[in-house]
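Presented below are the structures under discussion, each in the form of structure tokens.
You will see subunit A twice below: alongside subunit B first, and alongside subunit C after that.
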Partner chain A sequence: MSLQSSFIQIFISHIKREFLINFRSLVDVIAIISFMILIVTLFVLGIGPFEEKLKLISNAIFWIGLILAIIPSLEKTLQKDYDNGWLDQATTSPTPMELILLSKSLAYWLIVIIPLLISLPLFIVLLNIKLKLIPWLLISLLIGGLSISLIGIIGSALTLGAKRGNILLPILIIPLIIPILIFGVGISEAVRINESPLGNLFLLIGFTLIYLVISPFISAFLIRIAISR
Partner chain B sequence: MFDWLANPNRFNRITEKIQPCIFLIAIITLVSGLYFSLFDSPKDYQQGDAVRIMYVHVPSAWLASILYFSLAISCVFYLVWKHPLADLVSSSIAPIGALFSALTLVTGSLWGKPMWGTWWVWDARLTSMLVLFFFYLGYILLSNAFERKIDGSKTASVLAIVGLINLPIVKFSVDWWHTLHQPASIIKIGGPSIDDKMLLPLILMIFALSFFSLYMIILNVKTKLIEKKCEALLLKSNLEEISKAG
Partner chain C sequence: MLYLKDVTIKRGLKTVFYNWSATIENSKVTIISGKNGVGKSTLLRAIAGMIPIEKGIVKNHDNEIFKDKIKWGQNLIYIDSKNGLSKDLTVFENLKTWSEMRGWKTSDNDLQKALDSVDMLNHKNLYVSQCSEGLKKRAALSRLYLSLLFDVGFWLLDEPTNELDQKSIILFNKLIQRFLENKGTILLACHELKLFNFNYELLNLDLLKKKN
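Let's look at the complex of A and B:
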């Protein structure tokens, strides 16, 4: 019992630490939101201001914008801790590396998702998203964001100490998160054509659960390789 | 320290014997397969002569998938039992697999031009093959991205195993995506109702390309073994020189 409660305490303290580091300056938060707005703007500029066309692909634009906005900030989730030796210290602590990484990815999920939730009304207006879609969009955003951050931790552990890691990371990550995009857009599409989005939602949840199980172990394994250099 | 060399020696001894046989089988099946597929097989009543592209396309698609599977399996061997030969095998498979998936994409688009009227259609199989190609590319790039070779092989092995978990999901989701967006079915390449006269060259070509790639993989591993031995010898002679000078 005491072991369990101490694990939960460690878990919470790690999440607190990540929050302190990331929200101390609001630059990152503003960067994610403005980056996503710019991607959406680029898409609309490329397509033209046609209401009909936009209605068809606004869901896709939203999801691609989300993925592209998250990827650049992924790289430094572990890189900073690796560079200043924090990860080395963490491996010597009795806390399992898997637990630390799970809390790290959950913290990263919250850090990414909170600015997006704040700015969601903006995107609803910009992309002319229908009112009935909003609850489904919220759910799929929360679950999809979790799986993106779980895969992102793997990606950022893969490129620890690699040459040109910042270019390599998107190449490794994007093929892995294709299912999230398909299921996420599928939910919105199903709602748009008045069908049940539950099929896509369950697939998205299943995909997230798979990575919730394997991601901490895989990234802990990768970090042990990176530390041993 | 060099006791792991015992196994590569055994590998060399065994492959010494079977390599010519593999080469012979590959050549015989390739020649006969090409003859049957190019001259002695019927035209398709819909596709005409373009159906002959299938005899390269289907074997390469099959090989691209099976090679990724064996790549990931040998990565498991490398990570779990730390067998250096397994790493050499997986790093030899990777370029060949990438080549076959690229070949699948090229032949698919060559076939698509007369059939669909465009070079590229976002067909479910072609799309998942494109993703597979990027998995191969990611493996090759990551294994060369580190200062020390061993870090690259370990990290890239983990990526290959993650890919093994993720690829079926990608394949399924792309199929799912395709049925959502395009319910009309396109002509299936090589369905179950295939004529015997077409099946024979297809099977021959599958055997030919499989044995050819097996031969190439063995050749690759042997080359890498020789490279490793050269490095070790160089290191040894350098050390001897240093100790003499000291």
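Let's look at the complex of A and C:
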């Protein structure tokens, strides 16, 4: 009998740990969703009762709302474990840091995306999103959400131990998120004007795959620096 | 034998150790002492692989330890004042996730025995956010019992006795005794030497640094 679990088992047990922590105190998850609902509502109320205006910018509102709602919670993903010493335990363990961080970003993605999907009907009504757009919105939300959480982990690792991390973080990662925003909105816009959204979708997938490969390595490197201070 | 040769360790801009050598005997307890700020924690963190060693080599027998970080990671347990416990999980869940993170397959029975070894079984379903400092430290030290079941050779402990009460210190001594029977090596940074009822080597950083 082998006493050592495989990397896959370690990976899954890590995702379980993140779920346990995040769904026990639902505050963070509720904060993301309610913040997004607030941003979208403010936009819709600000535009006034003009359907034409809303039609033009509803996709942009959705994506900007998503990004702005996720960013405040990104900082905490690593900061908590850094403060309580869990990351020290992870560095002095045989498990590679990259694996831990990959599972962390995937877990974060699932934790954010599941409540977002549940509240999606509300956004569809609020933003008057057309029925044919919904499947594409779902796909782009899933893929875009993954890359936002992968980028977010880099930013979170970068601001570990920084005094004003919560201010620094958005400034650092919003430039990296811009391509996601452009291609995400591009998909919905293409569907709206009856063009093929595949080009934008493939570019979005491409970006996500690049971040999927580099994000664990970059953030593991940054965490090692933060720990060695 | 853990063998440090001509090591230079920096912490930020400050050079804490410069061309410094020491040997640490295997299968024994070595207590690192010295005044505050002399570099006890830095030395432990460097050996654990968290602070890079700028120059020099650290050897365990004939193997350079940082050449194979995974193997070295399997071989050591590091516990410091931060404990590494997540506030939102219970004591039991923390121990379970920790052993899973190291890739150990432990049964619930093993975990309960580990908690029992530091007298934490009554508190196993307590959230760590509700624990006192002493309870947290005991929860962290319960990992040491788990490491007895697996092939771990080194314990690096940074002031483990700070928050412990009399009874816990006796239990802690018992754990150390068992580890020594398993031919384990313990490196311990501590101020109060009278707490321990076993033979130890003393590595006094104040004296050693003057000599170099």
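Methods note: the second predicted complex is superposed on the first by the 224 of 229 C-alpha atoms of A that agree within 3 Å, B and C clash if a C-alpha of one lies under 4 Å from a C-alpha of the other, contacts with A are read in each partner's own complex, and residues count from 1 in each chain.
In this text, a contact is a pair of C-beta atoms (placed from the backbone, for glycine too) under 8 Å apart; a residue touches a chain by one contact, two chains touch by 3 or more.
Keep in mind that what you see is a predicted model, and the values were worked out from it rather than measured.
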{"item": "First, second, both or neither for A:Lys163, with subunit B first and subunit C second", "value": "first"}
{"item": "Subunit B versus subunit C as contact partner of A:Ile154, first or second or both or neither", "value": "first"}
{"item": "Touched partner set for A:Phe221, first subunit B, second subunit C, both or neither", "value": "first"}
{"item": "Touching partner for A:Ile100 - first (subunit B), second (subunit C), both, neither", "value": "second"}
{"item": "First (subunit B), second (subunit C), both or neither touched by A:Ile70", "value": "neither"}
{"item": "Subunit B versus subunit C as contact partner of A:Thr92, first or second or both or neither", "value": "second"}
{"item": "Subunit B versus subunit C as contact partner of A:Arg229, first or second or both or neither", "value": "both"}
{"item": "Residues of subunit A that lie at the interface with subunit B and also at the interface with subunit C", "value": "229"}
{"item": "Subunit A residues touching subunit B - in the complex, by the definition given at the top", "value": "154, 158-159, 161-165, 168, 171-172, 174-176, 178-179, 182-183, 186, 189, 203, 207, 210, 214, 218, 221-222, 225-226, 229"}
{"item": "Complex contacts: residues of subunit B adjacent to subunit A", "value": "131, 134-135, 137-138, 141-142, 145-148, 151, 154-155, 158-159, 161-163, 165-166, 169-170, 172-174, 176-177, 180"}
{"item": "Footprint of subunit C on subunit A - complex, ascending", "value": "2-6, 9-10, 13-14, 16-17, 20-21, 24-25, 80-81, 83-86, 88-96, 100, 227-229"}
{"item": "Contact footprint of subunit A on subunit C as seen in their complex", "value": "11-12, 48-52, 70-71, 73-74, 76-78, 80, 82-89, 93, 97-98, 100-105, 150, 156"}
